[in-house]
Each structure stands twice: as C-alpha cells, then as structure tokens.
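In the two complexes that follow, chain A is the common piece, with chain B as its partner first and chain C second.
Our next item is the complex of A and B:
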C-alpha cells in the first residue's frame, strides 16, 4: 500500500518532470550547436586576421627585445616608395573619376545601342589575370607605344585595370537616383552644369566614394602588374614589399612596411564603412 | 490616304550632317561621354590583348623585323609546358573546392545566425588587400621561431615542413578567394526562405536531407558562380607558390610567363602562355557571367 503509493507519487513526479527534462535537453543541444557555429565563424575570422597579426608581431621583434625601431625604416629608406604609392594612387583616382563618371552617366541616362557588349569591352581588363595584363602591356609599351618603364605607363595600367571598379558603384548609384531631381533642378532654372555640380554629384556621393575606395585599395596594394610594367626608378611600396620578400623576407623592417600598408588600407576601409555603409560596394570587388 | 502622308515626309529636313546630329543629339552626346572610357579600354586593354595574340604567333626575336607567322610557341607549350598548365589548373581547382567546403557552412551561419556581420566583413578585408601580405604573414607563421611553432611541436609537426609545401600554398590561395565564395553563396542563401528548411524538418527530413534536397538545389547558382569566380582568380596565382611553395608549385603559368617574358626576353613564348591563361580566364568568366547574370544585370 505504502510502496504502491510511493510508486504512484514517483510516477506522477516523473510525468510532471518529463516535459521540462525534454526541453532542457533540446535547449542544451541547441546551445552546443550555437556555440559550434559561432566558434566556426570566430575561427575563420581569426584565420583571416592571423597573417596580419603575425606580420605585425614579427615587425616588433628586434634582436634587443620588442621595439618599434623597425618602423624607422618605413619612414626612412621606404619613405620614397610610400610617397610614390600615395602619388600614383591619387593620380589614378583622379583619372578614374574623369573617365568613369561621364561613362556611367552615358550608360545609365543615354540611349546607346549594344550596352551589354560595350560593358563587356569596358570591363575586359577586370577579367584579365594580372600576369597576362602585365605581359601584354610590357609588349605593347615596348614595341607600339614606346613608353616602357615610364610612370605614364604604370598609371595607364592602373587606370585601365581599376576604372571598371569605379564605374560599377557609380552606375548602381545613378540607377538608384530618380531623374525627378534633375528635372526639378532644370525647371527651377539651373543650367546643365549647375544641375550636375549642385544636385547630382552630391547625391551620387556614396557611389563615387565607393569607387574611390576600391581604386585606393587596389592601386595602393597592387604589385604584380607593377612588377611587369614599372621601371627601376618607380618602385611602389607594395612592389618594394615584394622585392624585399624575395631578398630580405625575414627582416623585421620588411614586416614593418607590410604592416604599415595593411594598417593604412584597413583604416581607410573602416572609415568608409563608418561614413557610407556597404550598400554601394555590393557586386564589386569588396563584398 | 497615301497622299496625305507624303507631304509631311517631304517637309522634314533630310540629309546633311548637321540635321542628323540634331536628330540624334542624345545618342551623339552619349557616345561623346563614353569616349574617354572607350579609348582607355581600347588602347590599354583591347589593343594589348590583340597584340599579345599576334606576338604569340611569331618566332622568338624575329617579330622586331618581319612578322613571320608560326605556331611554334604553342607547340612548345604543348610539348614542354603542359605540366605547368596542369599545375595551374590543379592548384586553382583544388583551392576552389577547398573554398566551397569551408565557405558553404561559413556563408550559411553568416546569413542565418550571425548578427555581428560588420565585424566579420571587416576581418574579411584583410585577405582582399592582396595575396602578397597574406603569403608573407603565413611565411612568418610557419617560421621555426614563429608563433605557431609551440603548437606544431606539440602535434609533432615541424613548422618548416609546412613552410614550403603544397598545403600551405593551397591554404593561402583558399584564404585569398574565400571572401568571394562566401559572398556568392551568401547572396544565394539569403534568397532562400528559412521557412522552407523548417517545413522540411516538420515533414520529417533529417538535417542532411534538408541540406541535400532543399538548400543545395536552391543555392546551386551561388555555388557555381562562387566556384568559377574563385577558379578564375586563382588561375593567375603568382606570389603564393613563390613565397610558400616548392619547385613543383612554382611551375604555375604566371611564374613561367614572368620568367620567359621579363627575365629571358622570350616574348613569343611568354605571349603564347599569356594567351592560354587568358583563354582559360575568359572562358571561366563567361560561364560565371552567364550563370549569375553579372553584377549589373546587363
């Protein structure tokens, strides 16, 4: 009787407890799954950053302890390379703007036959592997244009390789921009140029700056086409990193230059994301 | 009827360039705006590539004087450089597959579970700064006194055996192109309604069945586009084998091309290698654009 009542009570308890037990098992399993999934993401985030972190750590390791002394070289013997890199990047950005803005405007706003084929031709350099672009430009610069190893040739190579990346975000931004604004400005008495500079360019800001960002990231870090095309006089910082990798790869100063390049690029990209978001970078090189 | 239409047609100004220009003003100004871009591409992209094909059909060192056409360079490639071609395709293919295996779960979790996407995106910038820094960083990573050495010693692997090897080259190539894979698959997966997965589970499907019968078919376009994009990028691989590879990996076409063209001035052979590489890359790009309808939908 007593044992029977106890059994009954136990059974009642277990029945009452079962749903809670069941949900807690499910919940625990789900928590483990969540942990594994987020762990996977974090693992890969670590792997993405790890090469940079190692380079940075290596750049601080000098024979006499940890110090920033390798960075003296960055602003000493590598200063000219860095300055050339900045100069070339700025010139490329300006030329890209001059080339891509009118082209994007024409593609979106004017009736032009054969747009698909035209875009394919304009984007041709984007799909060409860097080594092929390098050798073809070397041959043409040597035998057809006679501007071998010149700065002009180098900048030309950068412009043709990166202005499609300027073109794409501007086209996206222009397609997003209703033509009403333009028409309203014209109706209110602005002429074509005023409309362009006062109304359209400010509204196209994010698209244009996305193009500037892409050009910056690529030209600033480009070394392979540079390796083919650049003469001995114009070694950009990225090419200097490559040359040093071949000759003095395990020097901390090499690591210091490589870290500086990555830090500069990263700061520019993050600043861009802060100001403009990532909307206009969709479908381009960066995400 | 016909008589009433005719006078109208006669009255319209015809002939003369000026009137034609006035009539097609939109077209003309559009073409004018396109001119700088078109000229840039024509002079620095189309002409060089056409010239590359032409040089590849000339004999070594004779194209300065007379264009003596021959297919000797391509014969040389077929006879002596086939291993280089296979090595290129092998490395690019294998690293793209690695990207797919690693990138699919990554993209899935990123789209479905992760709220800190901006952080993930920020870390994904580092590979995009280029394979050079990546290879250099991995070089430091595997050095005998590098940060990974204690862990590797614990596992009984010597760091230097990883330093110059096929796996490290493949890994560096895969990391460089992983963002492209994640981007493509993520775009495809974010168009798949999570309800479909839930419905499959409710109808009694195991997780692998849900994946194989529901998710995989719906994200196939993203997978194909991602594979082709990674493959296309990795075809032109240059620096990873140079910094991290052995002689066998350093046979890739881009390195052979640089050796022939810039060091030995054998422009004919280098151009032929370039044409082969270009044909491969354009084929892959054409396929991927056909499958994904392009970034601009054009």
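Our next item is the complex of A and C:
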C-alpha cells in the first residue's frame, strides 16, 4: 500500500514537471525569435539612418579634432540660405492652401462635368519628372512670363510642383467629412463662412495638416527644380549644399548645413505629429 | 413657437417628383409626424421646411411669412438629425454652446444656458466630455440640448431614433415628447415607425410617393383611413373587394353596406360611396371577434368560419380563419383567447367590428398617381 502510494506520488510529480520543462523550451525559442525580429527591425533602422549619422559625424570632424565649430557657418554664412528656404517654404504652403482649399471644396461638393479628367490634369505635376518640370519652367519663365531667375519664379515653381500634395489629402478628408456637420451648423444659425471656419476647417485638420507637412518636406528640401529656376541671389539651403560640394568638395561645414536641414525636417515632422496627432485630433472622427 | 404652413410644396429632381403638392398647416405648439415608407418624400419635405432644400414650387410660411428664400441659418429652427451630427472636435458643452456663440451671446449667459440644457436632458456633469465618449442615447440627448439651447421657433426631427436600439428608442421618444410639451414648441417629426408616430404625435401626416395621403389624429388614421394606402400601411388589415349595395346615415356618421361574396358588411365610409361602386373592405385582425360557444349575438351579423391555424404568441393568439374560401387574419387577446387554443379545424362564429370601405381605384389611376 505504502510503496504503491509512493509510486503514484512520483508519477504525479513527473506529470507535473513535464509541462514546466516544455514551457521553458518554448520560452527560450520565443526569446530567440524575439531577438531575430528586433534585430531585423533595428538593422533596417540603422541602414536608413546611416547616411545621416555619417554626415553628422563628418560635420564634427575638424583639423583640431572633434568639434561643433563647423556649425558656426550654419548660423553665419549659411544663415541666409536657411532663412530663404524657410521663407519660400512658408509662402509656398500659404499659396498651396489658397489654391487647394477652394479647389478641393469645388471638386468634392459640386457636380462638375469631367471631374476625373480634371483631377488627372490637376495632379499632372506629380507624374512630371523634376528635370522636365525644370526645363519647362525655364522656357515659360523666359519667353512667356519674364520672371526668370526671380524669387517669384522660384516660389511659383514650388507651388506648381507641390499643390497636388496639398490638394489630394484635403480632397480625401473632405470626401470623408459627412455633409451633415455643415447642415447642422447652418441650422444652428451659422452662415457659410462661420460654418467653414468653425466646423469644416477644424474637421479637415487632418487632411490640411497632411498637406502642409508634405509641402514642407518637399519644398524645404527641394533641389532639382531649384537648380533650374533659381537666380544667383536665390540660393536655398539645398542648392547651397550642392554648390559647395561641387566647388569645394566635401567640407565639414557643408556637412553641418546638410545635417541642420535634416534635423529641421525631422523636428518639424515630429512636432506636427505630436501637435496634430494628439490635442487637435482628439475626438474627431479620424481617431 | 410658430405656425408652420406648407402650401402646395413641390420638389422635382429632373423627371422625378420627390414631393408632390404637399400642403400642411401646423398650429403653434403642435407635434406633427410625417409618417411613410422610405422614399416617400417625408425627409425631403422636412429639409424643405429647414431650408436645406429649396422647393421647386410652393411656399413655406412661418407665422404667415414666406420663408422660401430665407437661408437655414436665419430661419431659427432646430434640426435633429438621424446621425446626431454632434461636432466631433468640440466637447459636449461646446456643442451645446455652438448656436449661442454664433449669436454672440455674452459668455456668462452661454455658460448658464449650457448648464440649463445639460440639466434639461439629464446629462449634468457631462459637459467636458467629447461626443465620442458618450453612448448613442446620450449623444442624441446632447443633440436635442444643442438644438433647444438656441430657443428655436420650430423643432424638426429627421428619424432621430432610428439608429438606436429598441429600449432606448422607447425611452427617448417619450423624453422628446415631454421636452416638446414643456417648451411648447412647434415640432415636425419624420419617421417610418408607426408606433413612434402613434406614441408622440398630436396629428399624423401619412405620406406616399411624394403626396399626403391623410392628415389626422391617431384614431382617424387607424379607424378611418382615407385611402387604400393608409389602410394598408398603418397596422395590419384584412382586405376584401365588394360592391356597395346600400347607404346608411346614422348620427351624422355615414356608412355603407358592402357585399363581398357571401359576406355583407356594414362599413365606415368617408368618401361618399354610392350603391353600385366597387369598394375595398378593410377590417383589422384585432377587430374580428371570435364568439365563444355560449355567447348569443345581438342583432349584428355573425359569420361562420373554419379555423385553419392557431399561433399562440403569449399576450395574443393569432388565427387564420377561412370564411367561404377566403382567409382572414384574426388576433384575439384577453382571457378569452385561452379558450380558443386548440380550435384548429373547428368552426367558429365571428363578428366584425370597425370595418372601413374605401373606393377601389383601378390600376390605371393608381399608376398615374405614382408617376
């Protein structure tokens, strides 16, 4: 009786132990899988970030060792280029909004014959190679508008090239925006303008902010079209990086300017997502 | 608070007529329901009153003044949408304050009014929530508060409860009625749900194919349907075709005797039917009485029928009774219903109540009207 009881107890023990062994194997396998997955993600992250890290590292290399001194140029002789880039970007964004908002509203809300064709034409700039765009603009500016090499011409080039990037997100947002909000506002006593500013624009926030972001990233960093249409007085930061590299080779100060541009773009994108992605969008139908 | 008149209002979209010469006079403080199947033009009519759609012909008058060309934001109306339409980017309090802020009311007044409205719809303390954080019923109550905050002249409801579940619907329809009674505002309510229309209206306007079929109280609509459509659409009805044989005039109520097969029934007539005319007879299943064996009928006619089918539904029992080859649906309620269970294949005696006769429009005129 006693031995039989002991054997039973042992068997119970081994049965109890077996799943524990099994789970430890699973856990180990899972840990290896986790490592592989994370490693894979980090590998790609590294590959994406590597060019920037290298440029950044290069910008710190001076004859006297590692130093931030090349960045003095960024706020010195390169300051005007950066400021010009900001200026043309902001003006382009404003113009894009002025063009795209009414256009999107008309396209979504009114019955326009040949809407599909119209949209395709409006979005033509998206499929036009930058070099083709550049030469077309040079020809048009020289022989038709006579604004070659002017700041107006430069900003015009950016607007023509990037307004579809503003138009499309707004069209999408407006299409998704039920008309009932507009009607509700009207019935509550709001006129068309009040409805636009208090209801429709805030609700279009996601689309508009996406458009602003895309315009910013493209215009601020634009180089190829700029190369065609910018005059001698209108050297944007991107163009300056190119000019310096071509004439003086790769200097730490040029790398510093490039790194600064990268950081500005990065910060703007992050700030945009933080601002529009949290407080502003809270409660809208998109989140 | 305003009297609302629709005079021959018509809306055409190309060849199709959405609203066809609708005339309706709604008294101050009255609650009128537009009832009809989907696509009957009731929502279009409501949106015309709101100013969201311009009528092709006809006039809308508020207190005698034509408002056809007054844009919605100057009509001083309150519109409650099927999808509550609360602004998702504003809090509950900001939603309620929207109309007041547009009217540039002082801040203190706006705040007081918002609190008042939240209390009115029983949502105190919900002011700082976003609409998406509320349940469907709460959202619709906020929509109601938002509309009432601006003290509109007319309340317009476009199926406000159809997106909610049944229990909530029953609850909210009475709160809507109570709020309307308390604020004494003129209200127009669109629905396709008869029980909703019956529960809350002063008068019901039944619409079909863009036209008004009948305007009247619940009793009018139910007991004295004016047209074939109303008789078929509201509630359940047994229909039989027959010929008018006699006209009766008793106590100012006109009635006709219609012969349909072997049945000869006395029926209410609101159309002035004449002997020889073809009429449709409508009798509701709950208005056919199954007589128990011992009951001696009075002088009213009694018919013999054979029970084909019995379905016990708890509070009611449904029968299918064959009278001379024609099936009639019968609903029995009350304690007597239990004695009738298991009466399949039995012959029973039936008595018909509240029979309605309506002129039978031939197919030609019906289709012309639908076009």
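Criterion: the second predicted complex is superposed on the first by the 234 of 287 C-alpha atoms of A that agree within 3 Å, B and C clash if a C-alpha of one lies under 4 Å from a C-alpha of the other, contacts with A are read in each partner's own complex, and residues count from 1 in each chain.
Everything below uses one rule, namely that a contact is a pair of C-beta atoms (placed from the backbone, for glycine too) under 8 Å apart; a residue touches a chain by one contact, two chains touch by 3 or more.
Quick caveat, the model's predicted, so the values are computed rather than measured.
A.B. asks: So if we stack both complexes on chain A, do chain B and chain C clash, or do they fit?
C.D. replies: Pair status: fit.
A.B. asks: When the two structures are overlaid on chain A, which partner does A:250 contact: first (chain B), second (chain C), both, or neither?
C.D. replies: Only chain B; A:250 stays clear of chain C.
A.B. asks: Going by the touch definition up top, name the partner, chain B or chain C, that contacts more of chain A.
C.D. replies: Here the partner covering more residues of chain A is B.
A.B. asks: Contact-wise, after the overlay, does A:100 reach chain B, chain C, both or neither (first, second, both, neither)?
C.D. replies: first
A.B. asks: For A:203, decide between first (touching chain B), second (touching chain C), both and neither.
C.D. replies: After superposing on A, A:203 lies in contact with chain C but is clear of chain B.
A.B. asks: State whether A:216 touches chain B only (first), chain C only (second), both chains, or neither.
C.D. replies: neither
A.B. asks: If we overlay the two complexes on their shared chain A, which of chain B and chain C does A:272 touch? Say first, second, both or neither.
C.D. replies: neither
A.B. asks: Of the partners chain B and chain C, which touch A:184 in the superposed model: first, second, both, neither?
C.D. replies: In the superposed model, A:184 contacts chain C only, not chain B.
A.B. asks: For A:194, is the partner it touches chain B (first), chain C (second), both, or none of the two (neither)?
C.D. replies: second
A.B. asks: To be precise, I mean the smallest distance between any C-alpha of chain B and any C-alpha of chain C in the superposed model; what is it in Å?
C.D. replies: So the smallest C-alpha to C-alpha spacing between these two chains is 11 Å.
A.B. asks: Which residues form the common part of the chain A surface touched by chain B and by chain C?
C.D. replies: The overlap between the chain B and chain C interfaces on chain A comprises residues 283-285.
A.B. asks: Can you check the complex and tell me which residues of chain A touch chain B?
C.D. replies: Touching chain B from chain A are residues 34, 37-38, 40-41, 44-45, 47-55, 57-58, 98-100, 102-103, 105-107, 109-112, 115-116, 118-119, 121-122, 124-125, 127-140, 143-144, 156-157, 159-160, 163, 167-168, 171-172, 217, 221-224, 227-228, 238, 241-242, 245-246, 249-250, 254-255, 258, 261-262, 265-266, 269-270, 273, 278, 283-287.
A.B. asks: If you look only at chain B, which of its residues touch chain A in the complex?
C.D. replies: For chain B paired with chain A, touching residues are 26-27, 29-34, 36-38, 40-42, 44-49, 51-52, 55, 63-64, 102, 105-106, 109-110, 113-114, 118-130, 132-141, 143, 146-147, 175, 178-179, 183, 232, 235-236, 238-239, 242-243, 253-254, 257-258, 261-262, 267, 270-271, 274, 277-278, 281-282, 285, 295-296, 298.
A.B. asks: Help me check something: in the complex, which residues belonging to chain A touch chain C?
C.D. replies: 178, 180-181, 183-191, 194, 198-199, 202-203, 205, 282-285
A.B. asks: Please output the residues of chain C touching chain A within their complex, sorted ascending.
C.D. replies: 50-52, 71-79, 81, 83, 85, 87-91, 98-99, 102-103, 130-132, 146-147, 150, 156
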